[in-house]
Every structure is written in structure tokens, then in C-alpha cells.
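See the structures that follow.
In the two complexes that follow, chain A is the common piece, with chain B as its partner first and chain C second.
Our next item is the complex of A and B:
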């Protein structure tokens, strides 16, 4: 998530200095935040062309909400266009190769995947929020989409939460005070985040790479399986420490600036099944896909072919949701497998839980779930499954298998 | 922030400072050697 470069040193400086500007309440505060956000995206962009495409892609949803009258009818068209253009801009190589197209852009737009989530949320929620009295000018919109705190890798903000948080205490003037204990806690969290990213995850990444490289020269199948499991062990912990470390940095730094960003992790590797895991890992992503992919597809299935089979509808909708979410994570065929295995894990967890409830009854099932041995066995099983399936993220595992 | 600093706050600052120093050391190692674990 974070690589060492002059850009990341600039990011550290920004996190240190931004609280002095953002804790100060005056009418120009949101303009100052916008200038900071535009400075970050301009520095991050590799070229003017990249910046121009990003600007157009970001502005279209705002212009749609602002000027289009029959929004309800045209919303699906805009969402489909946003997804299609995202697929193109992100450069989904395996899709292009299936379609025999050679259209991949020579650059990647930073934060594109997260822009997509925010743009869809904005387009779908703004009509309702307007009715509740929420206003949104261009500055507010750009601050929401481009916020440097959540630009790189989330957590995924919703416009309502952003607007409520950014505009709180606006009737006050001058600096919003911070208690000593809170100051220590937030600084400690930022330092812990950097420690997780640059020390712990860097060590884990080194060993994950070491064991992955060793896979290419395995002498026997058994050796390859053992090496793959060791690689998966280091890789899954690398993902946790790197991503949760990044979240600690931005949540802590935003807290210092008086902004609140939702928590994204809650000890995910202590989950007892894959459903629970996704409620504790990358929480803001899980909530977003629940609201915008799972719920519409579940309702669609319930209102149509699976009207009397709620569990089957739930299973299909969950599989579809996590399959799509998996593909969203990356542009190679490995992420298709990643999405498939996450969907499969979720469906198996759901069906097993439903079957168990029927077999044991409510009380016995509760006793079973609270049994200490069961808790630890299911935790180990879930963690093993997750660590193996997480191997498809960041490493070209599929070409290795196909070889 | 008008609260007074106490003795235990010094310990907290030292603890945060120690972790910061390790991070800076690790970053320095990464930037020069690219193999982080060599320092540990």
C-alpha cells in the first residue's frame, strides 16, 4: 500500500501539518482542504493527460446530480457507464484479451477503485440526501471524492458520513481543542500504523517473496505444497499488517485533524467463519458491497425466480457480491479466482450455518457456537482458508498453477 | 489543550519516540539495502 519514495515522505509531512489547518474553523476551511487534496492528486498523477482523465471521470457524476432532471430513470445508465469506464481505465487485461482488444492505457490512475465507490454512493444517495436538507457544492464533492486521507486504499467513506463529519462544529470559531489523552492516543496510533507498515509488514513481505520465488524451483509436489502454505502464511499476515497499518495511519492522522474515519478492521483472523471474517476485515468495503451489490441482487432474486427460497437467493446474491468484489480488487485473472474463492467460502459458511441450525435446533446450536474448542477449531479453519485464498492477491499464482 | 504534562506523559512520549526511531531506522534500511530483515 505504501512505498518508500519522496511522495510518501511528502504524505508524512502532509499528515503532520494538515491538522493545524483543518482544526481551525473559518469559512475558508473547505477551500484549504480542497487545495491540499488537489495538490496530492496532482503530485500523484504521472502526467497532465492522467490528471485530465481523472478530472473528467470525477466531474461527470457531480454534473449529473446537479443538472440532470430525470435522475431516477438515467441513474442505471450512468452507473453502467461508470463501471464500464472503470474497467477500461483500470485496464482489466484478461477481459481485453478475451475480447481481443488492445486498448489498455499506458498508465494507471491512482485511487481509481475507491473513486468508483464514492461516485456511485454519491449518485445513488444524493437525491435522498437533498430531501433531508443536505447541500453539496463542487468543493464539498471534490473534497469527498479526493480526500487525501482515504485516497490510496480507503476506508470507503459515504457522502453522508463525510458531510456530517466535515461540517460538524462549524458554528465554532478558531481552533477546536484536543484533550491530552486523545492527542497521545492518536499520535500513538499513527506511529503504530507506520510501525506495522514499514517494520512488521516489510519483514513479512520479504519472507512471502522468498517462499513464493522458491515455488518456481520446487523439486517435488510435496515440497511445492509445503512451500505454498508457508508463503500463504507470510502473505496473509503481510496483508493484514500492511493494510490495517495504513488504516491506522490515516484514521489516526484524520483524528488529529478533527475528522472521523470509520474503522476498517476488527481482529479479522479471529473470525469463526468466512461471513464473520468479511464483517471484520475491510469493514467499509463489506458494508458498501452489502448495500449496493448484495441487497439489490437479493431483492431481485426474491421478487423473481427464488421468491420462496430465501436461503438460495441469499447464497446466490452473496456469491455474486463477493465474486464481483474480488474482481474489483485487481485486474488480473488471479483476482477472478480470489473473488470465486471468497464467494465460495461465504456460501459454504452460510449453508453450513443454516443446515446446523435445522439439525441442532436453536438452543443446541447456540451452545455449539459458544463451545471453546469449536470456536478455536473454526477460527483456525477460517484463517487457513482465508490465508490460502489471499495468496491470489498481489502474486501471479494462477500462471504458476497453470505451468 | 491546557492540561498539564505529568511524569507518565514523559514515558508515553519516550515510548512513541522509540517506535518512531525504529520506523525511521527500518525506512533507512529499506531505502539503502532493500532487505529490511538484515538489521534484525
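Our next item is the complex of A and C:
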């Protein structure tokens, strides 16, 4: 959650001033953006040690792409190293306790999980992009990985989209004007974003915490179940308003600076199944895991042991993908459960859809899917399931169950 | 049969629809059921039909029929 502090006020100031610098086209523009990005990460880092480790972790993928010759062969090694070091740096508590390891680093690196996405995308995409004539110097790379607009919680940019967008209009000189209507729309979006984060989600967070704390002293099982459902209700709306509000702020502010950041939400709680939900919620994460986890694992299964069983291959690959994505969200055992339930929800949605298609046939299935009553019933069922699974994010639910 | 005709047969087979007619501009929006799940089925079926292999990046970068044709042409 974004908290009101000196650092967040500095961030507001930065969002207000950056457009004046970034809308101006001159050859030093990307260096100025880099200075701003380094200033943000330096202020956010707790110590020099933290900053040094962040720098090393970020620079290795760039050096790999720049200097290693047999990249295709060594790519898997680098990716495994990046994931392993991410797990270590992020401090996955349940893994450390299972392996009886002690955490050496007493701090968390800011934006670490999002760095991982950008680094993997860069390593895998760059050889392909180079063939298409894309160039990337150290300044471009650091601006991509460290961009203060997406540093904290995405949306997850791809290098190609970032490079295309940042270097557009470079043949022009001077200030790139903004239309009045667009200016008001973007300012409105930023203000709405702050309202969602600091007012609506703050209220929802207060009630979610209130009902969660009440669970520790419940008088009966029925009371506990009702209290848990109310907590889940407030928590899922808190997640939506907090995260989508944050995205409104950064997408709007980046738009003021002439930069385009992809949309991350499309009314997710109107989804009719868990598959559709992940196409509408945290869209850039869904697209990333689709391209880099689901596609290779599904392709591997389809090309090998499950060549004649597409649905089984889909189910296994989807479960694996969303289980991994769930664990990526956090470092405690609660996030393992979150990943498990997301994977389960996706697989059930898939199998139900396939079974229904077979039973009803194409035409009847379409009519069923377009039936208003079915739409609303499935929306409510999906939202209920998602809100219960979201309970595992941000709250120690498993210790409560075990108690 | 040229590449486009063979590709059309693959599309008809994967999407189980004999009515499908493709052009280079055909995208997921034009074909019922072409989503991220069937996209991989399509890519694997195309690989098998033409005896080619696509990388992970190529798989996700193919957005329309024209992309498929150009990549196949560069391989066969």
C-alpha cells in the first residue's frame, strides 16, 4: 500500500515536475531521465550496501547481453541464476525455514520483483530485437529497468514497448505540446488515482483490518466464517482500489510526460470465470506470465508427452503458471496457498468450459454464455472465489487457520 | 498447395471450423476462439505441418496470419 510520507510527497513533486523535463526533446533527455531514476532509487534505498547490491543485480543482465557471445546456450543459466538470487534477495521465509538457512541481508530491495520481470524480458527479447535494428546502451537499459513511473508496482513494461515509446518524436526539437483536453483528462486521472488510494482504499483497509483482527477472538465457528467473509469483502475491494488507483496515478503522470504505460485493469470483478479475471486484473502481469511461463511450458507439453491431449496440457501448464505467479506475489506460506487457489480456479474454469462446449455444442454454448442470468450468476461466483483467495495476500491467514 | 492454403487447413483443424478463410491481415479478433491458449495449439500445429521450430519470443510476437507466413517463409 502507498503510505503518506516524506518520500511519497517527494514522489508527488517528481510526478509534477518530470513532464516539463521529459516533454522537451534534446539529446540530453534520456540522461536527465536516468538522473531522476537514480535519484529515486538512491533515496528509496535504506543504505549504500542495499544500493550496491541492487546495482550489481541490475547490471549483470545488461553485461550478459552486451558481452556474452553464445547467448542462446547460456540464457537458461542466467535466468536460473536471476530467479535463484531473486528468491534469496526477496527472503522467502518458508523456503529458508525448510532449508534451515539464515537470512544474511537484513533488508528488502525496493521493486525487486518488478526488476526480475524486466531483466528476464530484456535478456530474452534483446537478441531478437537486435535483429530488427533495435539498439540499447546502458542509459536506455537503466531507464527501462529503473523507470520511477513503474518502479514500485508496475505496470510491467516490455523493453520493446518502452524503447518505441521513449524514443518516439526524437526527430523533433524542443517542447512537445499537449492538447488542453488531454491535459485535463490526465490530471483528472491522477487526482482520481490519489483519491482511490488515500481515501477509498484507506477506508476499506481500515475495515478489512478491523474484521481480520476480530477473527482472533471469535466466539463460534459460524461467527468466524461470517467475519472472515466480511473481511474478504473489504480486502478484495481494498486491493482493487489501491492497486488500480496506483496505476491511475502512474499512467496519468507518465501521460503528462508524454510517455505511454499500458493499462493494467479492465473492470476485473465483472469477470465470468477465473481465466477471464486474469485477463482483466493486473493485465501486464498476466501477459508476462503468459509469454514467459505458460507458453513455453504448454508448448513443451504439447510437443512431447501430451501431444494428443491439449486440454490436459493446458490444465497442467496453467496450474503451474499461476502457482508460480502466486508465489511471486509474496514470500510467506500464505502466498503458496494464494498461488495454489489461483491455479485451481483457472484449471476448474478451463475444464468446465471445455466440458460445457462438448456437451452443448458451439451454438448452444454461445447462447448459454450470453444468457444474462448466467452472466450475473457466474460473475458473483467468480468474484466470491477471487475475494476469498485474495485473503491470502497481505494477511497471515494460514497461521490463523492452523491455530 | 501454397503456404497460405496449408496454413488455412491448420487453422480449420485447430479451431474445428471448416468455414474459416484467412488473409494476411487476419488476427485473433477475426477468429472465434483464438485466444492465448489456442494460440499455442496453433503454433505447435504449424510447427508440425511445416517442420519448423519457433522460439519463445517468435511465438508470442506472431499477431496475425501475415506474421505466421513470413516466419514460415524464412524457415522453409
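Assorted remarks:
In the analysis below, the second predicted complex is superposed on the first by the 402 of 403 C-alpha atoms of A that agree within 3 Å, B and C clash if a C-alpha of one lies under 4 Å from a C-alpha of the other, contacts with A are read in each partner's own complex, and residues count from 1 in each chain.
Note that in this section a residue touches a chain if its C-beta (ideal position, glycine included) is under 8 Å from a C-beta of that chain, and two chains touch if they have at least 3 such contacts.
These numbers come from a predicted model, not from an experiment.
In the superposed pair of complexes, A:292 makes contact with chain C only, with no contact to chain B.
By the touch criterion defined above, A:125 lies against chain C but remains apart from chain B after alignment on the C-alpha atoms of chain A. Of the two partner chains placed by superposition, only chain C is touched by A:314; chain B is not. Once chain A of one complex is fitted onto chain A of the other, the partner contacts of A:177 are limited to chain B, with no touch recorded for chain C. When both complexes are overlaid on chain A, the residue A:198 reaches chain B alone and has no touch with chain C. In the superposition on chain A, A:187 makes contact with chain B only, not with chain C.
In the superposed model, A:68 lies in contact with neither chain B nor chain C.
Comparing which residues of chain A touch chain B with which touch chain C, the overlap is empty.
Of all residues in chain A, only 124-125, 128, 290-292, 294-296, 298-299, 302-303, 310, 314, 350 touch chain C in the complex they form. Of all residues in chain A, only 4, 177-180, 183-184, 187-188, 191-192, 194-195, 198-199, 202-203, 206-207 touch chain B in the complex they form.
Of all residues in chain B, only 1-3, 5, 9, 12, 15-16, 19-20, 22-23, 26-27, 30-31, 35-37, 40 touch chain A in the complex they form.
Against chain A, in their complex, chain C makes its touches with residues 36-37, 40-41, 43-44, 47, 55-61.
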